[in-house]
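Paired with chain B in one complex and with chain C in the other, chain A is shared by the two complexes that follow.
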Partner chain A sequence: MNRFFPWGFLSALALIFLAIFVAYPIFGVLFRSFIGDNGTFSIDGFETFLTRGKYLEALMNTVILSLIVTLTCTILGVFLAFVVARYDIPFGNIVLLLPLSVLIIPELISAQSWVMVFGNNGLVTNLFKALGLPFPQFYGWFGLIYVMTLTYYVHVFLAALAALRGFDHSLEEAGQSLGTAPLTTYIRVVFPTILPAVLASGLIVFTLVIGNFAISIALAQRVPLLSVMTYRSFISELGGNPTMQSTLATVSILLVSGVLFLQKRYLSKRNYQMVAGRTTPRIKLRGWKAILISGGAGLIIVLSLMPALVVLMGSFTVSRGPVMYWGQFTLEHYMRIWDFNLAVIGNSLKFASLATGLGVCFATLVSYLLVKKRSVFSPVLDYLLLLPLTISGTVLGIALAQSFNSGPIVLTGGLLMVLAMMVRRLPFGVRNASSNLHNISNSIEEASVSLGVPPVRTFFNVVLPLMAPGIAAAAILTWVTTVAELSASVVIYQAGQETLPIQIFRLISSDLMARASAFGVINMIIILVPVFFGIKVMKVRLFSS
Partner chain B sequence: MAELILQDIRKSYGDAEVLKGVSRRIADGTFFTLLGPSGCGKTTLLRIIAGFVSPTQGAVHFNKDDITRVSTHQRGVGMVFQDYALFPDKNVFDNVAYGLRARKLSSKELQRKVPEYLEKVGLDGLGSRLPAEMSGGQRQRVALARALVIEPRVLLMDEPLSNLDASLRVQMRDVIRSLQLETRTTTIFVTHDQEEALAMSDEIAVMKNGCIDQCGAPADVYRNPKTAYVSRFVGSANLLEAEFQEHGLDGMDRYLVQGTLVSGRTMGIAENGRYLMVARPENITIRKKYSEPGNGELEGRIASLQFQGYRTSFHVVLNSGEDLHVETVGEAATSALGRGDNVIVSIGEKCLFVPEASA
Partner chain C sequence: MRYLGYASTLTLLTVIGGVTNAAAGEVNLYTSNSEDAVALVLDAVAEQAPEIKINVIGGGSGSLLRRIEAEKSAPVADLFWSSGFSTLAGFSNLFTAYHSPEVDSLLPALQAESAPWTGTNTHVTVIMVNSDVLDGEAPQTWEALMDKRWAGQVTMADPANSSSSYAQLYGIYQLYGEEGVRNLADIVELQGSTSGVYKAVAQGEYPLGMTMEYAAQRYIDGGQDDISMIYPTDGTFLSPEGMALIKNGSNPEEAKQVYDLLLSHDLQKQLFDLTFRRPSRADLDDTIANSGLPLMKDINIIEVDEAEAGEQRDYLLELWADARG
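Presenting the complex of A and B:
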């Protein structure tokens, strides 16, 4: 019996793939940040970073913005989760749409829609102008915090809601029986137990803000941010000295890795085991409390779903350049896409299907190898799979572009786009795909083999059907993120390879909001169809947290 | 169906030697039980026979075929797992048909054989159920039918009854044993439950630290344990230090135990001259102390007793401080005895003497 073939061999192949397409580019970036103009070792990059005010300012701004958004998201997410879990509010079921809204509305479209409301030519801005009232400057801190909070709070909301729903009501009753008032009990007993989940999701928000490109570039003209600066350094210095790009990318990698390390170090230990008990009965509110609490929750929900509506309206609205004529409807923007830009839709579909197909196959195989067929390669594979988590899309794009533009392996254009989209999603794909795998006992495979079915066919006969729900979730979530992917592809793409998000990004930069909206609606439809199909027809559970 | 031959099977994981040379010839049609505590190597041996683990050394033969290097799926073994290992997404029929389909049987034959075996295990008509809709006992029956329907050369069972509750376990023993007798399939049954082993097997191998300590028919192993370990693992036994005195002409040797002379058979020569007396609880008689103890008798006090209907179980503390477990059957002789009574226990001639080193 050959113990190496096939599983050890496949593990080795996966390892080689990740080494070439994940480790090599990322370590390349780290390495190049220490290479000066003349190709020798130097710390000029970091010296420039630390001495030039604008870089340090960008770093500080990024950290401050991340902290603020994490805080606002936590407040908003925990509040909403608390209300949904504890009170019987009239629109309770709409809340379940919220996690979907994050999937369906790409960050870029969210940013765009709020610019259409509050930006220079925005609906509300113009309304205020017409009334002669001053309106706060939206571009900058206010806009960044506002849009990012509304985009990212759902992560905290979902984590907190899951923790609250898993909370054993008997504990709360125990608290009350020991003499604390209901609300005090809640604060003393319930909050500490959901704290780890909330903190963990808060850290996710923190890393998302650090890596955020789409919202930042749309709204941060007046606030230098690390991700935008990294992108600009790449665009302006393309073909020139890569030291500064690498240095900026390295700083971003270190920042995110630091946060992830903190999370592993401190948070993973503080996970309380909750004995499954009765869930808390929901309270029906009356009077002003009802109006206040359900009104607050309702407002958050409306604001979360609003971008889809604004973009939908905008796509049918007459416009001349940047000026929108709200109330006058036209199909012109869609006609233009039909006449001139079908290729963009084609690109999006092509790249995303390739990335999803390859990514899901890879994730399925690797999760099986990691859970069921551990070998000497497995620990290394585990670590390599963590690497994509440490880099933002922009940094990944730069890393791939730098590594495969020249050198031993040259890849360009389409292949690189597919690779970027696939690599970003891999850690999550593997996690989704392996979700059922831990519950499949080894003896099931052994039973199949003992009945005369060889190991590889056993995998297809017995294991794959049981993995199917996880694989479907991985496929849908990979599709959703790759269709919306902007930050890595915008760095890599070449003429003729524009995807929907890239096209939207370019139109927003030219202030052509109505046309961007039409692309946005198409983008959202492409995302929505498989999500809807998966949830309604295949009964895939996307949010089994 | 086959004779199974194990030749000096050894298995090491790094420095840890799990199996230290197991050899055994298991005749065709035998129900063979590997009995031992966890960690004794019984499951590893079973998995070597199945082909999931390859031995560091040694060979496994089915009849004349050396299958040591043959992959599991080509060995033609049927296996029943502790956790049933039913395919959760397939119904009972498809579970049982799985191995037949791998053997490319026509659907006509499937329609004949699957119901036949479902009937054998008492599940006729339940083919369309999913495993999740069945009880533990029913699942184990499906697993049994699935393993037997392929007419395996050897049937392997890895603690198949340990997840069932007590009454079901006894019932499933009968089901398994009568099916085995009906099909005459050579069966290797792994368990740590001595009662199961005694009740079901043609042959028991008591394993300890990677070796077979003793092998034989259940009654033989029970009556003639060769080591103190076997005596304690199969049935329960009282062990007391014994000092060799003389060989008797009747095949019975005499030993000094706690100052009294006891006769019994010697089961092995102790190189250091130290022996243990092995006395089954039911081979010891107990009576109230009316007179001084004679030969083969010891004095003690009843520390506690449990009345269990047809039998009574006594915990006696001897005057030397040693504990003794005594069982009596029937009420008449013992109804006069109570906690705290001073008693004389008499060790009959059915006791054995084993070398102490083997404890």
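Presenting the complex of A and C:
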């Protein structure tokens, strides 16, 4: 039998796909940052970056913001995980909804809703004004840190919770029985063991903040940030400067890959293997401690879910132009969507389902090739799959637009949109799809093949059904992120291809919050339906990996 | 390879974009105007030229114009409505001139006789005021606005990013020269986009903003009592907007009918009532007066030479960057 066909051939195909649609655009951006106006090698872009104050200021702000948000997310996430793992609190089960809240509420919508609450014309701000109390300026550092913390702490929470649940309680008992005080035991035994997980998730938060576009553009009017500056350099109505766009994108890529590199270095040195031991018993709290701790945890949960409620309310609120009349209700915003904007919903459904379908097929195939059919191409595939992690949505959008608007391969519009949505999610899709694969014994497959079933049919009849739970999780998570995708698509979309997030973004730009909210509610419903279906009907475990 | 590229581009635009060259009796309208404004046009066409069917492609004017450029070899659009004259100038090779019989009823500054487009409406630069956060009397002139006492309390869009903001900078330069530009640079804080300005003022982040009349009027008409606007008495600036026929569009005759309709008295009146964008027609003073906005003849307008403004752009932005420090 031909050793190359079919698996080696398919690996080569996957490799070519990634090389054209991932490596070529990204290296193109890096390359163009060294090309000056006249098409020759030049470091003018970086010289401008380092000498014009505003670029360095944006870089500094981005790094500072990322550090602060990582810190606040870690505190909040670890606290909540600790409470949930160790104490028996009244609404422990609701906490498990939290990761979902981050999935179903797109970043753009949570930024929008917090502006409706705390912005200068917001609900709480007006309440404070009516009472004659001062309220801090929400636009700028305060708002950015606040909204990003509430959006991203869930990553730390999930990681810390998993680590705490896996922690062997006898270690802690051993520490205490040797005469160490409980607090010291926590610090010297428990924290070091969960630290790698927390740090890894903290670094994810760090990279998410660097790349964040939706929250930044809504709240960072006074704080120049790299991602917003990169976007503006591209979208400028007076024609952008390709060298400067590429330079900004390159700086962002270098920043994120630097962080990912550090993370890998750090984690490779620390690897704790827990002998599956007893989980820590959950303590029932009494008195003021119970109120304080469960109250704190409850507050975090309420704040995490609040944006969805505010947007829901805003979508039914009467507005005249940009001015909202809270307390007066109308269906007008939904009727307008029905009359004028069904195409926008159609675009979202079309692009997201294409991206999800293609992305999941690709991820399934590649994960199978990488886990079960390693070939000479596999190491390269591994590395290429890491590349999308290093770029933010805005940078991906710019990379795709610069690479495929002209040159040897020309792609525009719809296909580019699908590609952008698909590529961003690939590394995660492959990880989800391969989650069960390691547990599927090779002998099952070999048995099938030795009984005369061709390898490809074996794959479809034997392996694929076993991979199904992972694939379903990959499909749902990909769907969720592609429906909410804004930062890459807003760079490359063309007129007539607006998706829900793009439409929301444009309405927020013209300060039409009520109409933006109605689109926001529809966006959340489209995200929620498959998630609900997957979890309730198909029993998919989304957060197993 | 290149041929393949174009072929795939076209196929994709057809398949995914969903719009093809307009059939007879159809007009493909590319428009940056809001859906409710477009709905007025559709109603007017349905009533006055029922034989024409309009396919609407909406979007930001930048992305629409880039799409028209991408489709240059096989134009899909028939009519583009609307964008600033200075933005249109960058794409003038995509348009074809049409002298509408309605042009004679327009304000002279909006007839654009020498260009392949026609003015549909014009923006007027105003000072938008939020009295809730304003300390003292609002300045009535640009000169008073540039006083040191307003440092940090005035906002405008970055002239390097926004064409309407550049028009404001050029206007100040015309009125008060280099010194004016430096004074402005000293007191003003910049927003990344045009919309950032009126939002920031409406939300009380700044008491004063340099923005467009219609944007401030949306808040006033919406009932936000603390918003008002000032037409500086030392002269203010227009940013006219226009529409254009697409060169080699497939249905020029029908497109011309829609073009005439967009300049007609009734439709311009309705569009003004809806959007507060000042019409290009000269015979709508009654409507404007009814809305509470001042008539054009009561505003001190400074004539701006668009060509000159374009030529000075690099020099002025350099001066600006230097003055901002």
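Basically, the second predicted complex is superposed on the first by the 539 of 545 C-alpha atoms of A that agree within 3 Å, B and C clash if a C-alpha of one lies under 4 Å from a C-alpha of the other, contacts with A are read in each partner's own complex, and residues count from 1 in each chain.
Assume contacts are C-beta pairs under 8 Å (C-beta built on N, C-alpha and C of every residue); 3 or more make two chains touch, one makes a residue touch a chain.
None of the values given here were measured: they were computed from a predicted structure.
Superposition of the two complexes onto chain A shows chain B and chain C fitting side by side, with no clash. Vertex at chain A: the C-alpha centres of chain B and chain C lie 150° apart in angle, rounded to steps of 10.
Of the two partner chains placed by superposition, only chain C is touched by A:E498; chain B is not. When the two complexes are overlaid on their common chain A, residue A:E446 makes contact with chain B while staying clear of chain C. Touch criterion not met for A:I16: it reaches neither chain B nor chain C. A count of residues in chain A touched by chain B and by chain C gives the higher number to C. This overlay, made by fitting chain A, leaves chain B and chain C with a least C-alpha separation of 40 Å.
The residues of chain A shared by its contacts with chain B and with chain C come to none at all. Residues 50-52, 54, 69, 71-79, 81-83, 85-89, 98-99, 102-103, 143, 146-147, 150, 156 of chain B are the ones touching chain A in the complex. Those residues of chain A that touch chain B in the complex are listed here as 1, 441, 443-444, 446-455, 458, 462, 465-466. Of all residues in chain C, those touching chain A in their complex are 1-2, 5-6, 8-9, 12-13, 15-19, 30, 35-36, 39, 57-64, 66-67, 70, 87, 90, 160-163, 166, 189, 191-193, 195-196, 198-200, 202-205, 218-219, 221-224. Touching chain C in their complex are the following residues of chain A: 119-121, 137, 139, 217, 221-222, 228, 232, 235-239, 319-323, 325, 336, 339-341, 350, 408-415, 493-498, 506, 509-511.
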